[in-house]
Each structure stands twice: as C-alpha cells, then as structure tokens.
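Written below as structure tokens is the structure these notes are about.
All chains are identified by letter, namely A, B, C and D, in their written order; residue positions are counted from 1 within each chain.
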Amino acid sequence: MSERFYTLNASCPDQVGIIAKVTGFFAKYNGWILSSHFFADETSQGYFMRLEVRADFMDFQSLKILFEKEVAQDLKMRWQLFDSSILKRVAILVSKQEHCLFDLFSRWRAKDLNMEMVCVISNHPDFKEFVEWHKVDFHYIPINENNKREAYFKMANLIQNYQTDALVLARYMQILNKEFCAQFQGKIINIHHSFLPSFIGAKPYHQAYQSGVKLIGATCHYVTEELDKGPIIEQDIIRIDHSHSVEEMILRGKDIEKNVLARGLNYHLENRVLIANNKTIVFK
Amino acid sequence: MSERFYTLNASCPDQVGIIAKVTGFFAKYNGWILSSHFFADETSQGYFMRLEVRADFMDFQSLKILFEKEVAQDLKMRWQLFDSSILKRVAILVSKQEHCLFDLFSRWRAKDLNMEMVCVISNHPDFKEFVEWHKVDFHYIPINENNKREAYFKMANLIQNYQTDALVLARYMQILNKEFCAQFQGKIINIHHSFLPSFIGAKPYHQAYQSGVKLIGATCHYVTEELDKGPIIEQDIIRIDHSHSVEEMILRGKDIEKNVLARGLNYHLENRVLIANNKTIVFK
Amino acid sequence: MSERFYTLNASCPDQVGIIAKVTGFFAKYNGWILSSHFFADETSQGYFMRLEVRADFMDFQSLKILFEKEVAQDLKMRWQLFDSSILKRVAILVSKQEHCLFDLFSRWRAKDLNMEMVCVISNHPDFKEFVEWHKVDFHYIPINENNKREAYFKMANLIQNYQTDALVLARYMQILNKEFCAQFQGKIINIHHSFLPSFIGAKPYHQAYQSGVKLIGATCHYVTEELDKGPIIEQDIIRIDHSHSVEEMILRGKDIEKNVLARGLNYHLENRVLIANNKTIVFK
Amino acid sequence: MSERFYTLNASCPDQVGIIAKVTGFFAKYNGWILSSHFFADETSQGYFMRLEVRADFMDFQSLKILFEKEVAQDLKMRWQLFDSSILKRVAILVSKQEHCLFDLFSRWRAKDLNMEMVCVISNHPDFKEFVEWHKVDFHYIPINENNKREAYFKMANLIQNYQTDALVLARYMQILNKEFCAQFQGKIINIHHSFLPSFIGAKPYHQAYQSGVKLIGATCHYVTEELDKGPIIEQDIIRIDHSHSVEEMILRGKDIEKNVLARGLNYHLENRVLIANNKTIVFK
C-alpha cells in the first residue's frame, strides 16, 4: 500500500481488444499492474476500467502524454490519471448533527481516510471549537431565506479557493441550489438517512416509522439537481422492529449513516467510482 | 416444543395493571406461562401481548369462557386463543414461478412449517403434477379480462370450503379484486419482490436496475385493497453491484423472496403477528 | 424516554405465577410498567426478567424495601433496581489504537451513550491531550514485565475511587491479571476483533487471513479470567474476499469493532444484560 | 447470457505483462472478452485470472492448442478452458436431512443451477421415491463400521462411471475416507453447519448453543483429508439470541445452509473458484 502508484479511470465504447490495447501499453513500458477491473455496461454500451500501476516506470506527465497518444485517442476514451502520492482535498458541509462530522475526523486522524481535510463549512457556529482544535479551518456561513444566493456564492468561492476535490455533506440540512450542484457535479457526496428511493426528502425516519418497514437504511450518493436522486455510491441497512420509536431509529440509524458515508467517500478518494448515466460503477 | 400449549393474542387500551391481571388469571388456575411478550404502542395507545401457556391446566373451551369473563371484559380486550394441537389450514396461490411454491412444499414436508397444506390454486396448469404428487389438491382457475369476477368468486368459495386460515400468494401474478381482499382481510400473505415501499407494482427488479440501488430486497406483507401497501410482516435484502444484470437480480432475489415469505408465514402460523393500524407487531 | 423510570433486573427459579406476582406488586402500588421482558432458560432452570416502571409511584428506597419483602423473598429472587436518573460511571482502558476510544467519546458527547465518562487509563501517553480536551481525567499507567502487579493494583484503586460501574477495554492490548478480573467481574467489557470462538488471542485478523474465511467479525464480551472466553454480549460480521490483505481487514474491521462495542456497552448501560452461567440474556 | 462462451481459469507466477499477453492473444484472433478478473496473490506470489470469451471466434480444440502454444508455455501457466454449452455433471450425497437436497433439486428444476444432475447416492433409502420422481438415478449404499472400505470403493466407481464433475455433500453425515478425498480433490463440495473455523465436527449447533454466540452460520468448502478444514468457498450467518433453543437454531440454520451451499456450488459450476494453497479465490 505504501508504494506510489498511478490509478487510471477510463471509459470508451465497447469493442474487441480494449484490454489488450490498454495493458499492452503498460507492458511495453514495463509498467507493473497492481490491480485491474473491467466492466462492459450493457445499457450504455460503454466499457469501463480502473487500473493501478506501480509508479516506478514513468513520470506522471510523460505517462499522460503517451497514454493519450498511443491508447486513448484510438479508443475514443475518456480517462483520468491519479497519482497516489497526491492526496485529494476534501471540504465538509455540516449543520447541527455531529455524528458524521466526528466520525470523518476520527477516520482522517487515524489515517483511515487518505485525504487532506481542507475546511469545514457550517450554517451553525457549534463545531467551530472542535474543528479548530484539529487545526482545520472552520467557516460559519449562516443561511436564511433572504441570503441563499449570496451564501452559496460565498461557499462556492471558498470551495474553489481551497482547490477542493470532494465536498462531503455530513448531514448538511440545507438544499443546495442548482448552480452550486452544477458547478461541482460529481464532486459533492451526500449521506441520506434512508434506503433510497424510499423516503426521499425530509424526516425519512418518521416516514419509515409510519410505513412500518422492518429495516432502515442509509444511502451515500453524488448530489445532482434533483433532490436525493443522484447516482448511488453505497447503501446499507439495519434491522428494526415494532418496538423502535422514531427516536430509537434516529439513534440506531447514525451507525449506518456514518459507515455508509465513510465507505462511499473512501471509494471516491480511491478513484473507485465511475459514473454511467445516473448509476455508479464501483470497482472494489 | 412438542408439548401442547395455548397461544393468547390480545390487545386493549393501555392502563396500569394489564399484565398483572392477565398473568394473575393464569396463575390462579395454575397455568404455566411458557413465553410472554408485551408491547405498549405509543401511536395507537394500544397494549398488545402474546402468551404461550401450557395446555395441561384447563380445557380450551373452559379457558375461553373464563378468560372472557374474568379478564377480557374488564380490560375491553380484543383477543384470540389458539391451540397448538390444531394446525392452521393453508392454501397457496401461484402462477408460473416455481421457487416459492417449491420452497413452501419442502419446508412443509420437512415439518419446518407447522400447517396443513389444503390446496394449491393456480391460473396456469403447470404445477398440477408436482402438487398432486405431494397428495395435495390442485385447482386450475384461469383468469382473463372477461372472467375475473367469476374466477375470484370461484376461488373465494374454494378457500372457504377448505376452511382456510391463511392464503399465501407465492408469486401469484394477478391483482386480487377488492371484494376478495376484504373477505379474507388479515389472512392473505403476499411476497413482493422489492424492499417496499421502493418499487411498488410491476417489474420491481427492472425498477431496481434502473435506479442503481446497491441492495435489493423482498417484503412479506398482508394484502389489503391498496396494491403493495398492506402491513409489512418481514423484509430482507441482499447486496448487488453494477455488474448484476436484471436477470441476475431476479435469480439472486429468489433466495430472499423464499426466505422472507417463509419467515413471514411462519410468524403468522405461530400467531406472532398482531396488526395495529397499518403496521404489524411481530413478537419473535 | 425523558421521564424518570426504574429498571428491575431479576432472576429466580422457575415456577408458576412469577410474572403475576411481580407485576401484581407493581399494579398494587399503581406502578406503570413501560416495558417488560421475561425468559425461562431451560439450561439453568432459571427465570429471568427486566422491567421498566415509571418512577412517579414510589421513591427508590421504599420500592427496594417493599419489593424485597413482598416479592423477592418468596420467589428466592436475585434482583437489582436501577434509577434512570443516575447515570452509570464508565472508565476506559486504551492502548495505542484510537478508533474505539474516539468512537466512544463521539457517542458520549452526542448523548447517544447515557453515562458519565469518569476517566481514561492508558499504558501509553498518546491520547492525553485528546482526552483532557474533552475535560475527562487521563491516567498514564505504563505496564511492563516487572511492574504488572503494582500497575494493576494502581489501576484497581483508581477504578474504585472513581466508583466505576463499567470498565471498557477499548482495544486495550494488555492481558488483565486474575485478581483484577475477579475484582470487577461482570463490569469489564472487552471488544475482541474476531468472531469468537474463532481466532482467540493475538492477531485475529492475521489468523482470519490465513484461514481464508469469507466473513470477519468482532465480539463484545464480559471479561473473565479465561482469555476471550467470557459471556458474549454482542457480535457482528462483515463480508470480505480473497482480495483483502490483512491490512485491509484491519481497516474494515474497525467499523465492526466500534459498532459492536458501542451496542454491547449500551446494553450494559441500559441494564439489558443478565448473565446465566457463561452466557448472556440480552433483553432488547 | 444465452450466447455460448468459453471460460478460461488460469494461474501463473506474477510478472509484468501477463494481462497484455493473455488479452492480446484473444484480440489477435478477434475473441470478444465478455468479462475478466485478475488477481495477484501476495502470499503465493501467484497471478490468477478468469475470462469469459464469446465462443464465435474459434472452435474449442483449436483454441486450446493455440493458447497453450502462444501464451501458456511462455508464462508457465496452469490453465483450464470450459465451454458454456457443456453442462457440468453433478452427483449428490445425502443422508436423512432433506432441506439441502430438496433445495438443490428445486434450483436445478428451475434452471437456476446450470448442471446435469447425474445421480443421488445415500446411506439411507428415504429419498428414493423423491429422486426417481424427478427422473434422476438413486443409489442406496448403506455404510456401517464393517463395510466402509467397500462402500467408498463402490461409490467412487459410481461417481467415475457417471463422469462426475462435482460431488455435493448435501448434509451427508458420514466422514469420507482419505483415498476418496484424494481421488476427487477439488471436486467435493460440502456444507458445514457452522461458521468455520468455529465448531468443527459433530453437532455444531449444540456447540454454538453452549458457547452463547449471537450469530450462527454455515460454510461451503472443498473437502480435503482434514475434517472441515478444506478451502472455504462461501459463508454466511444469521442472528440469534438467548431465546433460541438448539432446535430453533437447527431450524433457522437450514436457510443459511441451503443458500450458502447453492451459492458455493454455483460459483464452482461457473468456474469462478480457483484454489491457492488452502484458500479460494472466488471471482464474482
């Protein structure tokens, strides 16, 4: 794990010989493939892949130039290359619920999430002391009915200035506006406290309680303009029964929310998630 | 397990002293309580219970008379008493999918489901030989656009003549009409091949595939007039990923459908399910 | 949840009329039973129960005296009564792994664990700053081959001085000595990073990797003199496959460890766990 | 799914360029790769792969000859090629427990297991009628202390005469002897009714009950000379609690046993399982 490697994420129209071409390229330059995943998506007719290649055979820039010229052009490929030595920069949006925020900080501190924590933005001042004790910037940006446009504009600027690679909504209870969603498409990761597509919108545990379901869940997904409809990255559930009140569901749900968010974020940080239409391909 | 026992299912308005009154009654007559569950439902303000009492202290009829007089009247209780030596009579409705039917027969044959299998009714003749080999009556009642009223009338008569305690829809692909649902309310058990309330109605696996969920499930519920909205008895899920086609989901879903249906039916057969509004209390 | 209540934990030899006697007592004094669980354990012939009763009908001391006189003596009952307004006092033992410690602090801060955190004791100084930032006492008690007896003596004194109700080993990597285990029997809760009884002792993830299991787990149990053999409170597992290295198992296992420990501790704090021989009865 | 394809299972010492060489071979002959999995096993330094290739580009025999010459020799590869149009031939060994047998027959009849069911062998005559009704050969081979050697010799002959590709122990309660295990190594699939390595040997549910575990499981594994120690293919668990007797564990365990055995067998039938030392690589 500690050796430096490059990760290739790529997709192209399906045809004979794609793997041969891509892996042949690396073989030609003596690039050692550490892991590889390939998937032909029937719906989109697209071919998707993720490769980890040891970084010792070529410098990053040369590789990008050669790969585009010798492989990607010919296959009409959309691709990205990542260097494991460069950590992704992550910002967190949070409101008043602490469990996801605390959990992300614990994992980051324990080096279980490979990322740089660049800042926390909140519409409440509550976690300022906690965040700053960890030597992370905290920005208090209150949001009300009258200042939404400016607030999101301000947030967007901050996020850009921090050169953020991922924006995590750790139970952020505001609905982002369209421009904001569009600007950071594929970079905003939300945790929704239900097993989507059940219980979209507000108070999903109350909805679950009303409906008498025997399992409750959480969903980590990319944020798009449509509320709670973006591509799903990860989900999980726990069992409940008639004896659980809404309050107990909320309490037990926290564990699922934390774990599903952390897993989903980790897949994103490790470049394991590719988006095809409104679905994700997650190469584990 | 082999000793004979009575099962009491009861509900009444909540107040002080309910358990004392009910269990005091059994203590008075030397009735040995094998297991007991009590639950105060905040929403309905109702108090629910299930008790198993060894049958050696009193005959069934006397117990019913005494319990009504000494306990139930005073507590404004709705209650039922069941005798473990009398098996519930179960009819199965099936179409062309065999997995739930075969599974129920296997469990019944292995004595893992304590019931009498009184008949199988199908809108297709396919399973006639299979069912009759097991020495169970098979009724072929085709259904089409023109004969629905008569067909359901015929089925209702059959089910009544068999003195059926439970009617299991083992992937029966017809929508029952209102009268039928009303006539057998609380006795019809369906298995729906999704994690309800997600993916109501036709082709839930196709809906799941489209939506990109990472888990698929099944739901066992009582049938009411509203399609796929009756009280949920049991649910479960399995993990899938991007690589699973609709066909693979259908295949893997079968295991969940079978197990969830069998568990739900078993709860019903053991009188573990009480209905409160549109939710179930399942005393496990 | 916010109203004050008393919790009764009790066990006695099985006979007719136990529930009637216990609940009759509460009915007599107008004690409103909020929840109740009863269980007849075939192996030990013991009868176990847990009741929550609203505290508004009698003061704590009177209740204890009356219950002993009117119920417990006659039934040869062993029982405890707890007052929900008095929080249990918890001390944590930790070594160098932070995930369980951080998780317990997060839950405690979010009021998801109803307890007082009285102190953290560690054989390493690493978490001093973290713990003290939360305004909790931190005690650094190094342990080596020569000072074991004194170290455990010192720890035992500390724990007694804090009037500790529960001692949580949050991945404490030292084996407690016999005297210590005996002194705090039924109060020491450990998290073992395997699905016991598989992989007892050191490096369970390495053992799991060697054995090629497809699931890994964690076990929360009371500590007894026999290493990793005390009564199990809670367990859970996650799925792995051939592609997971030991390091990845360790990383993924953390989530299970944290959740299983928190659930087990919570059952203990809510007086839901009764011990029968070397097994637990957990009334959920 | 219905189109014919070849499946390649292969392993070789790890080096640069393996994927390129293998997939380059298929690209050269216009072989369309439907799915591919690659895995570098750190422990054994071996490289493992599974590929599905559409069968329309070359006949089976030519492919085998060319692949050996152009790829395998150079890479020091051990490999097998399978033709999806040729079903694997499966024999079942069973004793008196029916649930796994019935389940396998249901799945086979529903075409959910792609195999030919060649015969059932049992040390009891009980299932003769059931098996023969399905038009499958049934062989009653009683086993006692005196006839073991002959009985296994007879069974081995039968299995060879049927040209069996897989031998499933569907809760076969006899311990196979060494010669038998050796003769069919990698072809005998057992379901053990515990979460191995816990509870090896007889009466695992009784062992589980004694130990007070909160989860019980089942393990599908290849049979080797060492009892319950062969390479694990698949495992799963369900939750139990203190209230479950041994009999209830046995009942509930059946669902896990059936599902885990069916999944494990299916992986074997689809050539998804490769063995590395005493562990399996399962390409899902």
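Quick notes on this one:
Methods note: contacts are C-beta pairs under 8 Å (C-beta built on N, C-alpha and C of every residue); 3 or more make two chains touch, one makes a residue touch a chain.
Since this is a predicted model, take the numbers as computed values, not measurements.
Interface comparison, B-C against C-D: more C-beta pairs in contact at C-D. With respect to subunit D, maximal separation of chain centres occurs for C (centres as means of Cα atoms). A straight line joining the Cα centres of subunit B and subunit C is 37 Å long. Averaging C-alpha coordinates per chain places the centre of subunit C 41 Å away from that of subunit D. Within subunit C, residues 35, 39, 243, 245, 284 each touch two or more of the remaining chains. Subunit A makes touch with subunit C in their complex at residues 1, 35, 98-99, 102-103, 106-107, 109-110, 112, 133, 243, 245, 247, 251, 254-255, 259, 262, 284. Against subunit D, in their complex, subunit A makes its touches with residues 16-17, 19-21, 23-24, 26-28, 30-36, 38-40, 239. Residues of subunit A touching subunit B in their complex: 39, 41-42, 195-199, 211-215, 217, 231-237, 241-243, 245, 276, 278-282, 284.
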